[in-house]
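Right after this note come the structures.
There are two complexes below, and they share subunit A, which is joined by subunit B in the first and by subunit C in the second.
What follows is the complex of A and B.
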């Protein structure tokens, strides 16, 4: 059968991203200008990649969790905790410029994140609590923990090696872009080149059947929640190192919602099962492009939320089979559309 | 022997009494009717919002838009009264209608297009919060005589304590909700849909109408909570009530309602709100504790209650299968 491009789950997210870029091209052609200066590339497109990387990293972890029919609401709090932990360790150190100290702080922050991910995983896989509720606990308590670590203040660090993580440049591109690419490639490799991805989809489709089929769903669930927390931890390091400070209250605020949005826009169903990491990446880029576009067009940034609301609704409606059927029932002959849906749902 | 279905509710009430007693033993001046009344005064808007949330959660859904809806209500009221010069008698019905139709629309999208409530109400949350900023980015303070009168009004109770108008409204909402939940078809349908939506459809219950009504009721409660919040704060601001949806969900869960839907009581939510209030009051009385301990204690309580529910539901499930 020939490849039907409209059936690809990447079609709608890519179309939306393309449409957004087209608006920019028509209204602000300088949007696409990329300058080369002091060995660094500058421009709106680079900014999108740079500022979008924490969201992309969190969204990659979230994709795997959602594929298991779960959800992780605690990532925003984890972003705050990880940044706070790293900044606290560095600010307590004797020499902030020491690479050892920064490395230790980074490892400690990531270890704490993974441990909290283990806690989420144990609640979901061990105690059998609904994921949305299990992770709600850490979402609420985690902000408190982050503020406890920073003692309710903003910890500022002067460490140059730490600043490099979120604001450094490597081979003309921001370092955070490489981190995002690394996380994405690792997740893609683990899920597509090993059988792990299939196991995750199996758990998302039918937990009971996959357990009977011999999949050790508990350990896989644990691993998935720990990986998601690790992603949130990395994003937290980027966010806090970018501004060289940790803010327990506001770091990573609402990033869980943006990440879930990116996943849903990318075509992964919240009902679990089939997932698309590439779609998530497009979704994350779409959200960041939207934010940057709104800034570029000179629209008050506060209105971003209204635009975002309509984008969310539009994307979800387009993906909803009953909405497409309702639209198809008007005008377009019904049958071919219905059969195409069948293909896209199973393909 | 108490019926097993009341156990989570009794645990909640017991916990509230225990916390209040612990506070009374530790701090002089804690054990007074006014401290209890202040719990209600400071949390009246949360109570109203949480009652609406109880219905949504009972039906198996969730409503993330409530906090933003409260903010939008304060903003709409403030701008209509202070900038457009409308009388409160026109503004209050208008904002209630806006909240109700906002919720009703979300319910319609959730039901007819089968999109998860989480996503639809998330979009609603963004939309309402964004609309606040479209109206104004800054705080609009209200000094209309009616609103200041409502804010300052104290209803004296026998025994020397007093409550605010907001508390009266909140208590009326709780009574109405108890009536709706247990003595009307709407309430029974809500429980039935939360228990199993497909069974409710097969039983011929009006699932579509009930689901839309549930979200409309939650929208109404958020708008009413917003009105009470406006009395309390006397201003409209886009950053009002940030994170209120979490407090409301926490109150419902601590109140013993199952997040999967189908089981729970409005009165439990009432005590869930009071427990959160007591935690805040204790932290204020302690003086040396910082505000973030509130979040951690609420997180811990959520954990305990979810675990309790888990044990409880596992036991009934086993009981059923035998």
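What follows is the complex of A and C.
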């Protein structure tokens, strides 16, 4: 019984993803072509995994925040800060090719991200500020911080080890795909093999009852915001390393919105409570597939956002039970009892 | 009562949920100008029948006839427009809106398309004053009033809609005696105007006081419909629980443990909180049941919350096993072996999104910390054990708790705390909104727990219940502990006198 229920949550996002792939299959069969060259796999599907990994990583962190009835708008700025921090450290180093230097830079960038996540968490759990406002502060200020770090310039680095993070290959696949998989598995393990997931859902669903049951909601909230910031930091490293430069202005721009969208498409309610990491992953893949599809089909750049908006709208409507019910009811007019029985099976 | 034509006739109603046949061929009818009591144990199908009637759920089979025509409401709004309005057991209003807004939400008086606030406030005041005989500042947010007042506002809202059938689901469970009397006066008044009133309650006295006719359900089945006057109480109880047992009479009489000698498990000295409860002294020994009696809002719940650390005391001290304990958070209280079942099941007890199993193990898991997770197997063992021990229905640990009836949710919360094996169990209205059978079960459970050495603080609005289980009773009036009674002093008259302040 519980298995069927979980699966049904994944059903609609998967169906939407399948539909999108089907459109590609009909219009551009070469979409599915995968070439093997110099020990690397190439093709649109691989690109989707590769370019989608920062979004997937950010969305995983976002899922946990949203499950606690919160939201983190600052992840885009954190992406910029993390990349800027790493590139600045590397560009100041004596030997950019030194592995030690790159490791130090990566750790520093991630430490700064986690510290900023702690700041978010303290505002939410300590000061009791509404999450959307608390993280809006860092969303706005964070861009400024990133530009301060880069002195308003684009910092370019030539470090090969650093370039590997976002553009390297390992066992025929892009390295960033492994990073995304690692983050996903870590989050899944932490939430489902320990009780963290249940506590997060309890806090998101009913904070008052959770407190009376003795759950330390404050420390769990801190941990969740810190983890979300860590995810954004990792995504920032991938993004900046992929182009070997840090752009405080544009790195991670609007990624918070795509991440929130991925979470919602994945079936996690913005009202908190039950969450699905697998659903989020499907949601992130769906958004990236959509972006790639739009490029592949040669949609004029000036209307790509409009096309994207319509597809997202369609996906959201398909997922809405009341919308499906309304469609079903139109299909069988004049027989209300029968159609309602149909619907009641879902409830 | 006119016996001509029922305004509502439901025949052979079926309703299934996954794994539950909630209604199994139920017949139900109502006449204009009567008060009709719908009786049954928890999970008998009362709430489901009401929800089916008001369009919350579609029916799976059977026929509904409303005012002579087939009736299939698709939503509560449709039912409302047809003249059926409902006041649910749990209050479904917006605490952040004003009283007037709550009464008129969705049908505000308008002037040139704009809401006329002054007209709305005046109409709300008049409505409350004339029909319910209460005076309130209707511009204040609803949440700033007690639950009892909120309930009255919910009733006022339902009255205001042009209703021909008014459904009151457990309307009296959070009202004190005066408020109940006032409500009954209103009900009789409305009845004379030809309104049909469907009344669901667990208080047998109230059924006999106000209802004309009774329909009994058991396990989703229709048991019978009787004029109230022709159905003796004992028979009613028998039909509801399906056993020939005088359940409430079979509690063992017991002698209170000797008061002197032993050190109490918990002792409060001058403990108090401004705006909550005046400083009080209270001692609870192991194996002792201390009852708190008093009217609604007299400081009973506030006392319990201080002892559990849910609210912080701003004066006085608290001692656990002789040593001073700073109980300033629920966690600290839990660490010292204290457990607390809140009276507000929905807001402070259950986690709706989680399953029965998860709700049961929640406190134990929180106590162990997030990393030392109970294995899935162990969780299932625990859930099965308590589902069996407390007879939680349906007996499915993976059912979401929101799908359970109120009484069964209460048992799940009880299981959550029993699992902690607490030294002191604080029960705030544990039998509120629960039927006779489950009530006796819980009372007996409390007695057996105290015999095993658990200290219990028992809070209830029902005086008889407090008297039956308690070895000592603290009486509260106007947020003050006014009297402590022990042993033979515990009599209804003595408690009443203390409450009344004679």
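Here, the second predicted complex is superposed on the first by the 310 of 347 C-alpha atoms of A that agree within 3 Å, B and C clash if a C-alpha of one lies under 4 Å from a C-alpha of the other, contacts with A are read in each partner's own complex, and residues count from 1 in each chain.
We adopt the following convention: contacts are C-beta pairs under 8 Å (C-beta built on N, C-alpha and C of every residue); 3 or more make two chains touch, one makes a residue touch a chain.
The structure displayed is predicted, hence computed values, not measured ones.
Student: Touching A:250 in the superposition: subunit B (first), subunit C (second), both, neither?
Tutor: So A:250 meets neither subunit B nor subunit C here.
Student: When the two structures are overlaid on chain A, which partner does A:261 contact: first (subunit B), second (subunit C), both, or neither?
Tutor: After superposition on chain A, A:261 lies in contact with subunit B alone.
Student: Just checking: does A:312 make contact with subunit B only, subunit C only, both, or neither of them? Give me first, second, both or neither.
Tutor: First partner only.
Student: Where does A:97 make contact in the superposed view: on subunit B (first), on subunit C (second), on both, or on neither?
Tutor: Neither partner.
Student: Once the shared chain is lined up, is A:172 touching subunit B (first), subunit C (second), both, or neither of them?
Tutor: neither
Student: What is the contact status of A:145 with respect to subunit B (first) and subunit C (second): first, second, both, or neither?
Tutor: In the superposition, A:145 contacts subunit B only.
Student: Subunit B or subunit C: which reaches more residues on subunit A?
Tutor: B
Student: Quick check for you: in the superposed arrangement, does A:158 touch first (subunit B), second (subunit C), both or neither?
Tutor: Neither subunit B nor subunit C is touched by A:158.
Student: Pick out the shared contact residues on subunit A: the ones touching subunit B in one complex and subunit C in the other.
Tutor: none
Student: Across the complex, what residues on subunit C touch subunit A?
Tutor: That would be residues 18, 57-60, 72, 74, 308, 310, 330-331, 334, 340, 342, 347-355, 358, 362-363, 365-371, 373-374, 396, 398, 416 of subunit C.
Student: For the complex, which residues does subunit A have touching subunit B?
Tutor: Within the complex, subunit A contacts subunit B at residues 71, 127-130, 132-134, 136-145, 147-148, 151-152, 248, 257, 260-261, 264, 270-271, 300, 302-310, 312-313, 316-317, 320-323.
Student: Across the complex, what residues on subunit A touch subunit C?
Tutor: 1-2, 193-196, 198-199, 201-202, 204-206, 208-216, 220, 273-274, 336-337, 340-341, 343-344, 347
Student: Quick check on the complex: what are the subunit B residues that touch subunit A?
Tutor: Residues 62, 109, 112-116, 118-120, 122-127, 129-131, 133-134, 137, 238, 246, 249-250, 253, 259-260, 290-296, 298-300, 302-303, 306-307, 310, 314.
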